[in-house]
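There's a structure below that I have some questions on.
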Amino acid sequence: VEDSLGRVTQVARQTLPTPITNATKIQGAPPGILGTRSVFEKPVKLPSFTSARTPLQDLYGTITPADLHFERDHAGVPFIDPSKHDLLIHGMVEKPMSFTLEDIKRFPVFTRICFIECSGNFRTGKTTLTPQEICGLTSQSEWTGVMLSTLFREVGIKSKASWFIAEGGDAALMTRSIPLNKAFDDAMIVYAQNGEAIRPEQGYPLRLLLPGWEGNTQIKWLKRIELTDQPYMTREETSKYTEPIAGGKIRQFSFVMDARSIITFPSYPLQISRGWVEIRGIAWSGRGRIRRVEVSVDAGRSWQEASLQEPILRKAHTAFRYLWHWNGRATLIMSRAIDETGYRQPSYRELVKARGSKGGYHFNPITVWEINGNGEVFLVNDR
Amino acid sequence: VEDSLGRVTQVARQTLPTPITNATKIQGAPPGILGTRSVFEKPVKLPSFTSARTPLQDLYGTITPADLHFERDHAGVPFIDPSKHDLLIHGMVEKPMSFTLEDIKRFPVFTRICFIECSGNFRTGKTTLTPQEICGLTSQSEWTGVMLSTLFREVGIKSKASWFIAEGGDAALMTRSIPLNKAFDDAMIVYAQNGEAIRPEQGYPLRLLLPGWEGNTQIKWLKRIELTDQPYMTREETSKYTEPIAGGKIRQFSFVMDARSIITFPSYPLQISRGWVEIRGIAWSGRGRIRRVEVSVDAGRSWQEASLQEPILRKAHTAFRYLWHWNGRATLIMSRAIDETGYRQPSYRELVKARGSKGGYHFNPITVWEINGNGEVFLVNDR
Amino acid sequence: IRPREENYPESFGFGRIVKENEITQFAISVAPNGKGLPAGNGNAKEGALIYQQKCASCHGKTGEGGVYDRLVGDHGVKEKTIGNYWPYATTLFDYIRRAMPYNAPGSLANDEVYHLTAYLLSANSLIADTLHINSITLPKVKMPNRYKFISDDRRDGPMIK
Amino acid sequence: IRPREENYPESFGFGRIVKENEITQFAISVAPNGKGLPAGNGNAKEGALIYQQKCASCHGKTGEGGVYDRLVGDHGVKEKTIGNYWPYATTLFDYIRRAMPYNAPGSLANDEVYHLTAYLLSANSLIADTLHINSITLPKVKMPNRYKFISDDRRDGPMIK
């Protein structure tokens, strides 16, 4: 398998006889130092110049394999030698300090599962879009690191501090201002993802994790934190990642990702057969737990409760399923997420009305799929 | 990175300038179809001819990356074309049936996180053993598939059936007899692991998952299930995977993995410094949830409660942590797991006494680490 | 922790019902009572010849001293062998047929398996070397260890056993 | 959901306390009130020259029509530009210094950044093309859009906003 740089990322079993006639009559490969992906399975991200999207429709459960976690960068994925990557914390602190990666790993460890989603995670305009194309800029991992508050305790935060600036070690020195509160809620500095060191595409060796908040704030390749008494109005929180809303205003510091869901099966370009179909998808909310997912199989006239896969975690992709008997007639199917704060995922039209805008950041409408009489599935736009 | 077969499994960023002077001044790599592991991180399994052990001491959190999941096979890892791999269910059933992989994926999906552990997961005899060498034959994934009971409903189980035989499609046609009850408790047939198709080393395209039970019963490359009214006394449940116990008896069908824990940090061959040390490890039980992990830092004289990472799942690796201030004096440290049934992990001596044996299958003693005056860590045997 | 199967239809209709004759070729499991044993017959003498050709290279000329598992040995021997450990003779037929020889599994005809079974039982002094081994005689072979095997006696809770 | 920090010692003692002079080279963030702006001075004329050399290839000869982001344009223009969208002028200095030119980030001297900032503000008719841009004048530049920006007004709960 080659990735977009032409790097060979995986080559398995080149020495095996072709064709394989009967695996029960020939000894298999011996154990190795690293497992391999079957050559019959080729899940891939969909790359553009600045991002690569997770193939949501090809995944199972809720963990995203690390090599399929979506990417978005502003100056490419830097090549970082971890022994030279220190974290500086300064500004309105008692003790400005520098931490090596080893220092950071000595602090008490915390682990949590949560999603990271890009605030620009919405595509529309064609009936032939897959879940990966519509909203593949969300992925989920088990993250391990240190609570940001633990490091803030160590440096001592001055009482006047109310924000902090987080800066990455990439070629964009990507920078965002973050309200200090988040550090005492659930922010972390993570160095591991799904059991192993965080991948370069996700911020190796250190990234800021702000559970439930838009991806761009969760600074990757984290290098510097400055405590301040004001947001610094960086380019990423003024020119970018702000959204025109109703009333001619522009919304800034819109951190939280609203509740959302999508049916990933069935979805374009699949074709289903008459009979029992388990409708499957994922739901998530930046505000906390998913409380309920509802599915409609009659174009939104009635809604049924889907079953949710346990454990239902805060700010986490939650798998849902709804068993449906398809009688062969054309219809529209869709899902909507309801989170523990009572937020209910809106339709596209509701959202356009509320926002005064037909897209942009934080656009989380219900995804509607048309099932035609042949069982073919297409995306419905503008509904 | 080459595995033991000389297969290249990962090559990253060969085109990057060396040495990298300053990643903030040079554009990084563009997004790709597959993420890569940093070249500075090289976690590997430890292979023998029949197994490869997970590097527990190098992992974070509780998910094992799929390519680091331990392996144990009896005839190598077969090369299986999934389009030719059907599952046959027959014997004492109403309707003997054959299922393609596609058929199986249409049934209602279930996902759970649990560990799989080899029943022979114990090594001792040297002070210079790492966690990987002592008990690296346990790993954890998020598994997705169908409940075995759902398939059994479909074929209709005859009332006289009380066991089933599970057979793999490897060159050993690996076979075990399983009590039918397990199917109506929590057995699954899984086709996915950590979000993607199960890896060949873990049974691609289908494996039996028997949460909490010894690994060898969870037949990989699952090909055939025969419902019967008796166990078939296969070689794997007579000659192998049985253990001589006290009183001259031999214990058979010892499925459940007893509660266990190990401190993975600090562990051999690390050296610690005076001051604060967060003791870290994992605990697990095949009987259900871990209720409590206790740590002793004074050679077992007193025990303190460690904190457990949430969510605490049934039959799952559970991370524990205990904050310790090391004063520089030599001591012994150790952990013991207590599960929700009240089972408490025994010391080596307790276990030898109860079993009348100094090792063998299901040997789950407390692992004791010696910290010498220099902070060097060594395994303590026979205590 | 389990999906709610009460809501499931009686049948999903996925998968294909198969006829008995489609099953036969795959149904190779042999039960302790001999169920599943095929027609055929074996004896130790012919088994000894096949053993030398196809097995001795790994298990030693006399079932001991090879690179792989020792197969022959009585209770004086430390390693577990067929003679000093195995509880059922049927297991031997079942296992050889499915897994041996290690480098050519599934290559033996049923009669060859019967011969090898007879040879290994006889080499372990479990049968007379003249006994014919087939679906009737094999389940009757007495294995000395049989009654030492007990089912798991550990239970949930505090017992260390 | 959070570890119990009450039990933590006052200090773990991991990490190294740094002196102010070690920080200076890294502390490049510029606040809207000008805090963090370095010494130096720029003007649109010199900025125009540097812009043609180092920026025009990507952003167009006049700040529009390039392959990458349009930088110049007033409220009649559909794309977001510095002139019709950006709320703070300090952002421009901060961003150019850290990230531009895209193919040689971090290569500009502070004076060059001041010149380019002056040029782009002037090209967007936000300042007179004679104004000197420095740590005193830059924070005072009036940006027409500034008061359109509001902080997030969405709250937990059922509101769709």
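Labels for the chains are A, B, C and D, by order of writing; each one numbers its residues from 1.
Heads up, the rule we're going with is that a residue touches a chain if its C-beta (ideal position, glycine included) is under 8 Å from a C-beta of that chain, and two chains touch if they have at least 3 such contacts.
Just so we're clear, the structure is a prediction, and the values are computed from it rather than from any experiment.
With centres defined as mean CA coordinates, subunit B is found 28 Å away from subunit A. For this pair, subunit A with subunit C, the centres built from the Cα atoms lie 51 Å apart.
With each centre defined as the average position of its C-alpha atoms, the distance from subunit C to subunit D rounds to 76 Å. Along subunit B, residues 24-27, 75, 106-108, 110, 171, 173, 276, 323 each make contact with two or more other chains.
For subunit C, the set of residues that touch two or more other chains comprises 1, 3, 8, 12, 14, 102, 105-106. Taken as a contact graph, with one node per protein chain and an edge wherever two chains touch, the assembly fits none of the named shapes, being neither a line, a ring, a star nor a complete graph. In summary, the structure contains touching chain pairs A-B, A-C, A-D, B-C, B-D.
For subunit A in complex with subunit C, the residues that touch the partner chain are 22, 24-27, 275-276, 307, 310, 323, 325. Across the complex, subunit A meets subunit B through its residues 1-5, 7-16, 20, 23-38, 40-41, 43-52, 58-69, 71-73, 75-83, 106-111, 142-144, 169-171, 173, 191-192, 194-197, 199-202, 204-205, 221, 276-278, 280, 309, 311, 313, 319, 321, 323.
Note for the complex: subunit D touches subunit B at residues 1, 3-4, 7-9, 12-14, 102-107. By the touch criterion given at the top, residues 1-3, 5, 8, 11-12, 14-18, 20, 22-23, 26-33, 36, 80, 82, 85-88, 90-91, 94-95, 98-99, 102, 105-106, 145, 148-154, 156-161 of subunit C touch subunit B in their complex.
Residues 74-75, 88, 90-91, 95-100, 103-104, 106-108, 110, 112, 147, 149-150, 153-154, 165, 167, 171-173, 175, 186, 223-224, 226, 228, 230, 232-235, 238-239, 242, 245, 248-256, 258, 287-288, 314, 341-344, 346, 350-351, 354-355 of subunit A are the ones that touch subunit D when the two sit in their complex.
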